[in-house]
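In what comes next, chain A is part of two complexes: it sits with chain B in the first one and with chain C in the second one.
Showing the complex of A and B:
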């Protein structure tokens, strides 16, 4: 066997046990640093996995092909046909991004458990919340990269036809879309710990997300037409669900209606962050006592 | 001498999902101390509670009562795992990664300084003789090679304590010999090794002390030489006597 000289231990390993305030704060800081390192490392692994799989490329090529084919056709000599083209392209981007976000996230924890890769990982100084947050960060960042590519393509196609580049509007649209996906990803992570199989989680989360996007805004009107106790129930659902439709700027982009106020944009991001945090907290609580195999 | 690994009155129960079925006691009243530089064999038939005990040590399963400490830190605390290396019984790693990518990932988790990561990866890959295959995806590796990646990842942080769950399980004789040589080399370096195995000949060769567990209870614990001398037979026979195995006539 080969000769080897193993290097010395990399970090101070013994934990201070005294009650001194400064030592305690040092330990706390080290724990935070370790948590950030772990979360980022797990996140980077998720990104690597997504881009080594073919899902993203397949969806991007499909979106690009459909948009380019439609873009090359001139329907009825209609001058504003580009709006239809933009609508179809944005619809494909929204559908593709939801598919990428949900399918990528839904398999993260179940695959780790099923393939037992979770054991050597959690045998390191990695906690279960680190794993959840790392998976969230990785999926969210990967979706961000995918969204950037999709929107870049969309911007080039629509810009080439309209000769306009509303950068601010695109920036707001992409950031709101990305934060909306953050909520969906956190919800899917929670679902992956609650539902037995990734396929059932995929279906349920997709139905819930699309359901919220389509009917979420109408639930309060529906509640008015329902008798008690149904009315309270529908109202409760209306106020409890994350209103994903708030992040949809498609109409503004298609019809060039300008950007939204920055305060509203910022408030929407905060709203998404709160919901994502709640779902992640619930996921951490569920995962805390869950058997690993 | 302070114990590197200390188990105190450990009890682990698994609650049955069916209401009428009784709770299963996987480990009960287990007390063990393992000291620096020892190679400690953890033996027992299937279902004796070896893997459950290891799962508690690694923080995968919370103990029902009792506690365990690694380098003085409770195993419930993630910092306890900073100085250990773990090789699971069944080796599965991210198949889309190569050996060096997986080692880089674990090195990041251990917060090994950037300058030390590459030399360390080189050294562990050299130890497990995987330098030539380092850039190939793990999915193309044979079982023996995957086992050696497992050992490499367990060693990436230069651990002071290695926990190996049946490290030679399913390996061919050459693979077993290599793993055995690595364990002996680690012992020479003063590392502590805690491992479970069904290969009693190998345990007899490599271990300083052993503990034999049966039905969740510690049946005996002691130096291999002392047990073999006391029973006047080899370790396999000692094991069969202690677990009260009756050979069919």
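Showing the complex of A and C:
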């Protein structure tokens, strides 16, 4: 048996003793519980890493500083001018969150491999899928915490200016944003197993994510202007890519256009979950065959 | 006695040599740099120093951004088909031009993804202050239509800062300040800034005249400013600069109206006869001239 297979086989926490069927179901439950414990433990380490590193603090201070400076500008003695401030603050939040998500995720597995800490980490009972899922969960939770702080600041700044607290709209905006980051994190995790270095993974994922955000919505219009077989190709790309721009309801927040229907909001979360699961599955399959050293 | 230098000392001797070469070169280059047309440091404006001529592109972007705000984010991108003329809607509102209100550049959804995505961005034509359609009302109170116009100001101000040689920005900003926000003082101040950057520009002078006429009720100053605007427009036409004909019509029309109110019918008729030469609505102007002639006769009796 190879070293990889040995490391990959999970060990149950407890082995039940009565009945064959009972024994099998208890083993499954124990394995499931062990997997959750492992994934959560790995995820907690990633969250601690986010707090230790200075990326988040630097980006948050920069966002707050730029927003507050721009907020102090007087335009024709008109008080309560707020939409430009919301737009700039949200733009900074989106940029910062993408940077945090991609850079935090891209270095997770390469750093473990370089420092050789991946070997003790993959010792029993942690399997390779546990590691991938744990890293994903940690990065996603870390981004969630960062997003919460960013949006809290945004809510305070815009609320202080316009004296309105559209809590429902903010909740939908933050959840959609967080699920969008889930897709990006899963994509980056897959990239960290495919690309040679974290720097190349950072760049490629950032370009892809920004590209989708900017032109993803318009690919179908672009396809109509292209001759075959280009049209089919562009349409295929249009339907295949994860449409990250779906989760961008900044314009609705800025222009106070109200919240989205809950069913639509829930559908968008499901869409993100499917794409994140796809990328994670691909990452698990790639990692299963990957040499660790 | 012969001086001998170690290799270390020779390296140190290069420092004063290079320093004196640098000072000599700078004394030669400095006067040339001061005269060079591409020298940005002559400008006291930090934006000009930082961005150079590219600031005009950014200015156009922010001007368009103000128009996008006027439509509450419902705005065509470079990928969309839209039948917008040369003027933006915020400028059309100011000049009284008609705007193609039913401009539905999005059209019918092209696929399920397109249909689904329209829930996440403004996909209905509306203007600042309009009641929102297709979305739930948000919590809290809503600003009135006039107050919402203030949201255009940051982008218009930024566009004017970046490209002060664009009079349209000053005129449009002034219109929104005086007509929608009831702030003619700020509008006048901003127009004066515009006049400093574009001395004697007829469009800015015309807008300034409207402040004197409509907000200050000062017909004498309004007349003076409009007459200057008319003179400057004609000078530009004589210099083959192709000035905006619509502004010329507006100036003549407003002057005729002013003279009619001031009961100087002869002068009003003169303006209207000039206006008749270029206006597409000749029957209306002829009727107006006829009315003025009647009034003139009545005044003489």
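Simple rule for what comes next: the second predicted complex is superposed on the first by the 270 of 293 C-alpha atoms of A that agree within 3 Å, B and C clash if a C-alpha of one lies under 4 Å from a C-alpha of the other, contacts with A are read in each partner's own complex, and residues count from 1 in each chain.
Basically, contacts are C-beta pairs under 8 Å (C-beta built on N, C-alpha and C of every residue); 3 or more make two chains touch, one makes a residue touch a chain.
Only a predicted model underlies this, so the values are computations on that prediction, with no experimental measurement involved.
A.B. asks: Kindly classify A:120 by the partners it touches after superposition: chain B alone (first), chain C alone (second), both, or neither?
C.D. replies: In the superposition, A:120 touches chain B alone.
A.B. asks: Check the residue A:49 against both partner chains and state whether it touches chain B (first), chain C (second), both, or neither.
C.D. replies: A:49 sits against chain B, while chain C stays out of touch.
A.B. asks: Taking the superposition as given, does A:261 touch the first partner, chain B, the second, chain C, both, or neither?
C.D. replies: The second partner, chain C, only.
A.B. asks: Residue by residue on chain A, keep only those touching chain B in one complex and chain C in the other, then list them.
C.D. replies: none
A.B. asks: Using the touch rule from the top, collect the residues of chain A that touch chain B in their complex.
C.D. replies: Residue positions touching the partner: 1-2, 4-11, 13-15, 31, 33-34, 37-38, 40-41, 44-45, 48-49, 52-53, 115-117, 119-120, 122-127, 289, 291-292.
A.B. asks: Spell out the residues on chain B that touch chain A in their complex, using ranges where they run on.
C.D. replies: Contact set of chain B toward chain A: 58-62, 71-73, 77-79, 81-84, 86-88, 90, 92-94, 96-97, 101, 105-106, 108-113, 116, 119-120, 123-124, 126-127, 129, 150, 153-155, 157-158, 160, 163, 178, 181-182, 185, 189.
A.B. asks: Quick check: in the complex, which residue numbers of chain A touch chain C?
C.D. replies: Contact set of chain A toward chain C: 73, 75-78, 80-84, 163-169, 176, 215, 217-218, 220-222, 224, 238-239, 243, 245-249, 251-252, 254-261, 264, 267-268.
A.B. asks: What part of chain C is in contact with chain A in the complex they form?
C.D. replies: Touching chain A from chain C are residues 69, 72-73, 77, 79-80, 110-111, 113-114, 116-117, 119-122, 132, 135-143, 147, 150-151, 153-155, 157, 177, 181, 183, 186, 190.
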